[in-house]
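Heads up, the next two complexes both have subunit A, just with different partners, subunit B and then subunit C.
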Partner chain A sequence: MRKALSTLWDGRGFDLLLVGIPLIFLIAISGSALVYNVIMSFQEVDIFSLGTFFRPFVGLDNYIAVLTDPQAWPIFGNTLIFVLCSLGGQFLFGFFLALFFNMQFPGSTYLRGLFLVSWVMPGLVTGAIWNWLLAGDFGVINFFLQSIGVIDDPIFWRSSPDFALWSVIITNIWFGTAFNMILLSVGLAAIPKDLYEAASLDGANAFRRFYTITLPMMRPTIGALLSLGLIFTLQQFDLFAAITDGGPNNSSNVAQYWAWQLSFREYDFARGATVSVLMITLVIIAAVFYVRSTRHEVRG
Partner chain B sequence: MNRAKLMLCVSAAALSLGTAVPTLAQEPVTLNIWTVDKTGQPTPDLAREFDESEPNIDVVYREVNFADLMSEAMRAYSVGRAPDIFAVDNPDTAMLAANGALLDLTDMIEQSDIINVDEYFEGPMASATWDGRIYGVPKATNTIALYYNKDMLEEAGIDEPPKTWDELIEDARILNDPENDVYGVAFSAKASEEGTFQFLPFVQMAGGSYDNINGEGGVEALTFFKTLLDEGLASPDTVSRTQWASTATFNAGNAAMAISGPWEINRTADEAEFDWGVSLLPIPSEDAQRSSAMGDYNWVIFSSTKHPEEAFKALEFFAEQDKDLFERFGQIPARNDIEIPPTGNEAKDEALQVFLEQMQYAQPRGPHPEWPKISKAIQTALQSALAGSQTPQQALDQAQAQIDKITGK
Partner chain C sequence: MTPKTRNTLLIACGLVLAAIYLFPLYWMYVTALKTSTAMFAAPPSFVPPNPQWDVFAGVWVERHMATYLKNSLIIASCAVLFIATLGSGCAYVLARYRSVWVDVGLFLVLMLQVLPASLMVTPIFVGFSQIGLLDYPRIAVIVAITAKAMPFFVVLVRATFMNVPAELEEAALVDGNSRFGAFIHIVLPLARNGILVSALLIFMQAFGEFVYSKSLIQDVELQPASVGLSTFMGPNSVDWNRIMAYASIYVTPILAAFVLLQRKIVSGLTSGALK
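Let's look at the complex of A and B:
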């Protein structure tokens, strides 16, 4: 017994303790909410039974109701477009900027720091600013596009079904690029410089060096970044609330915003929970990718 | 023990009892009041004044965000910690009443010397009534009417604001001036309760209602809205803009007319650099019945309260202050017996009179316990027709099917 106890501060028991404490926290804080959410998706819940735990069990009714809702597939489609385009845009701009600042010209670190402004701002503030930039009648972006002659008539970014989703995507790319840039910069900085030197001596040009050294060495960073990006993008809520409210006519509605609308606008908490359970499934898949990509991380 | 000592004991006991009894009775009752009101709006001040006027009642006030109002209150109610008094957005009253969450005030109001049902506007009172019983007291009220830019109308040679829908479209065509960034009219058709609030009165004027939305009236109203957008007489942003934001374009001179409420009177008076007026909402034809939206809150008492009498006393106190509601807080009391004194600003006073007249036609949304879902169906129809993906008839048919499912028809 004494021996077993003594391992608590020296040996295997200590390791278990280190793992156990955060695990308990995780289960208590995130796990219980997650389980509660899953249970709720199989129950009939309205605003009056919200506080009780024992509610009528309805089996898969909520899932059927959500999946047969005529709004569902357009919304899931929007979610897919939103996630893929935001993720792609953030990553490409982030990578470009990271490579650019990696050239280490005078003042590059300070300039790079300035880019973080967008990441630091609360989503609602970002949304409010972009709302103003994207406004149809008197927006700055329309004014700019019109004065350089790209468009003749103002585009109603937030009110046209063709553009509403894109106005949120553009804002979200602006929002997330800085974060991508910083993580990718860290990844770039970790690549040993002598690799490039050796490659240059062997006569590899810039493209080849990028393709055979930078990309493979960045693989774990990129994997982690894309998985995190997926999670952040699926979480993005503020911008929808601030810019389009999912409208017009659901043309910019996405699953996460729909879940909120169901729960807190129509007080149908069960269906709100159902939509979020469907999303959690997706995020768990992303999390598995994330964990796998960090497992391959090169230790310095 | 001698007699004197005994007397002393008895009187001491009596004395201690005498002091003990009143303290027991004076144990102050605590009333919890939740509303959305911020500093400068009625409740914080009224609650404090009530607290001060009643030594036996302690009032604890809590401000709740509009977006969280219902979910917060219901969470509290379901775990038995609901406030005693709450101000509920009027279309949500039925939902609470139908589920037994509210105290039935009918008998208390009947016996009250202060609250008199006949002194309230019909619409607000109807929103506080469910199944023939009264569950709330209207806290204030508001509605919508047509703001117009007198200077612009005069310049365009239009003598008076439009009275019918056709006149409104005609005038809007004349006033519309894209060269100078001026739209004919501004309103909100946003996919939220605001959209329903602005659209439903037009349905009602044309003879429709929320449970008969795809009839001729509903289609006529939606076609009217659609004409304004399709012809570019109103900004395409109408579908995504709040009432507040759309009225701002009127105040800035970028719209010749605007459909908005009395909550804008003060702002327009401050911001508008032109002569402005307010007129009744145009009707579909000269002889059509009028209708208007009805906003604001109802005071309700949760059925879980331990102090129904004290809570009702508070409602009586609030109702008594209705006479100063406009003067002190710029809100319109939901009463037909109150003469609001002039403010001295001519435009404001005239506007107020129009809103008071319009108030008589105000109809509550619902009442129905599933109002939020019904409203969502209406918003979806409004948006899909205005965005052009469906004709008004198709959009409203779909809404009707959904509403029928909700109301169980």
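Let's look at the complex of A and C:
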């Protein structure tokens, strides 16, 4: 008995304790919520049966209800547009900034670090600020666009069905660009400088050096970053809550926000859980790619 | 082009890029200081004509920000405390060994990191209500945030522990320390900076947390500042200078902490996030 106890601070037991408690906690909360989510998606759940564990199972009814909902496919389509455009925008701007700040100059690391304030701010505050920047009548974005002659009339970003989703995408690109830039900078810094020197001696121009050295050397970083970006984009909730609330008429709604609306606005917890299961499946597939692309680092 | 002109040119470009990127923040502060008429002036003024400094005090009192910020602080501090206590040990063990089980543990942690809060909130709400945890909504939110953010903390801090030489720990063991003693007296102090920086990063995220608080806390007295901001921002709000004042009060401490410590935060983030 004494031996068993002493191993807790001086042996295997110590390690098991340190790693065991957090993992048990995580599995108890996140893991069981995940399982419970799947179970709920096959049950009939309403506000009255919320407090009971034993609810009637309804088979695939919830899935059929979700997938035949006339709003479902437009919302899934929005999710796809939101993810692709956010990812693309964050990555392109992030890569451009990373390349720029990679040209070491005095103060470059400090300036680069400042960009990350977009990432540490509360999402709701970011949403509030962009809400005002993108306002139709008095928004400063419209003022800029009008003064350089891109548009003639102000765009009602948040209330027009054509632009509502874009106002969230633009905000999300701003939000995520800095994170992309920082991680891409790490990848750029890891490329040996003599590769570029050798290529210059061989007469390769800047474009060719980028294409034949930078891009191939960055492949693992880019792969990890895109899957991480996909995961983060599918987590984005605060910006929708702050800017458009999914409207007008679901034109800017995405699946992760819809799932929450179904549960907490319509109190249809079963369908909320069903949409969640569908989306979480997608996130987990992305996560497997992410873990695979960083596997050598994880082991090393 | 001499190196000097090149540097000057690059610094200028860098400053311009930063100015464009950070313009939204500038606009938040400028709008907060504007009067209602100045706010809707066309063309907009980029320096407020007669700044309204008392707007901050007004919004502070009127929107009950003291209560909201106190709740945010309580939630974020408790969550960080739990995460740092539980997560540091987990990260240490996952950094120290290489085996199939460590790989399994890491995989599990990474998988739990990716679950979106907005999709997990339905089962968490229903589950917590069944075990009665919703009667203590702040604890419920703290538990939910802890489960959500701990994996990220583990991933970041694990990178820190990997940089602590195992030889130092072995030497301490040879000198007669127990594993527990070596961990407390040798390993933890050496990893302190990394742990603090990661904890600060988690704190910043928890301080702005929204979806769990909004869904699990019904009582206005217990809600954090993010929920308070969302109720302030109705669909037809015109109070933009006051909303921006609220936002300024809310984020300025975070921004100040970030700017002061940004070197450490950025290096902590880059060493861990891609691993």
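Definition applied: the second predicted complex is superposed on the first by the 268 of 300 C-alpha atoms of A that agree within 3 Å, B and C clash if a C-alpha of one lies under 4 Å from a C-alpha of the other, contacts with A are read in each partner's own complex, and residues count from 1 in each chain.
The rule we apply is simple: contacts are C-beta pairs under 8 Å (C-beta built on N, C-alpha and C of every residue); 3 or more make two chains touch, one makes a residue touch a chain.
Predicted, not measured: the structure shown is a model, and the values here were computed from it.
Novice: Touching A:265, do we find subunit B (first), subunit C (second), both, or neither?
Specialist: Only subunit B is touched by A:265; subunit C is not.
Novice: Between subunit B (first) and subunit C (second), which, if any, makes contact with A:118: first, second, both or neither?
Specialist: It touches subunit C, and subunit B stays clear.
Novice: Report for A:94: first if it touches subunit B alone, second if subunit C alone, otherwise both or neither.
Specialist: Neither subunit B nor subunit C is touched by A:94.
Novice: Per the contact definition in the header, classify A:135: touching subunit B only (first), subunit C only (second), both, or neither.
Specialist: both
Novice: Is A:161 touching anything from subunit B or subunit C once the two structures are fitted on A? First, second, both or neither.
Specialist: first
Novice: Can A:50 be said to touch subunit B (first), subunit C (second), both, or neither?
Specialist: Both partners.
Novice: Per the contact definition in the header, classify A:250: touching subunit B only (first), subunit C only (second), both, or neither.
Specialist: first
Novice: I want to verify the contact counts: of subunit B and subunit C, which reaches more residues of subunit A?
Specialist: C
Novice: So subunit A touches subunit B in one structure and subunit C in the other; where do those two contact lists coincide?
Specialist: Looking at subunit A, the two contact sets intersect at 50-52, 135, 137-138, 245, 263-264.
Novice: Give every residue of subunit A touching subunit C within the complex, in rising order.
Specialist: 8-11, 14-15, 17-19, 21-23, 25-27, 29-34, 36-37, 40, 45, 50-53, 97, 100-101, 103, 105-118, 120-126, 128-133, 135, 137-138, 140, 143, 147, 174, 177-178, 182-183, 185-186, 221, 224-225, 228, 231, 234-235, 237-238, 241-242, 245, 256-257, 259-260, 263-264, 269, 272-273, 275-276, 279-280, 283-284, 286-287, 290-291, 294, 297-299
Novice: Could you please specify the touching residues of subunit B with respect to subunit A in the complex?
Specialist: Those residues of subunit B that touch subunit A are 67-68, 70-71, 74-75, 77-79, 95, 99, 101, 181, 190-192, 235-241, 249, 254, 372-373, 376, 380, 383-384, 386-389.
Novice: Where on subunit C is subunit A touching in the complex?
Specialist: Touching subunit A from subunit C are residues 6-7, 10-11, 13-15, 17-18, 21-22, 24-25, 27-28, 31, 39-40, 42-44, 86-87, 89-90, 92-94, 96-98, 103, 105-127, 129-130, 143-144, 146-148, 150-151, 154, 178-181, 183, 201, 204-205, 207-211, 214-215, 225-226, 229-230, 233, 235, 240, 243-244, 246-247, 250-251, 254-255, 258-259, 262-263, 265-266, 269-270, 273-275.
Novice: Name, in rising order, each residue of subunit A that touches subunit B in their complex.
Specialist: Residues in contact with subunit B: 47-52, 71, 135-138, 156, 158-161, 164, 244-251, 261, 263-268.
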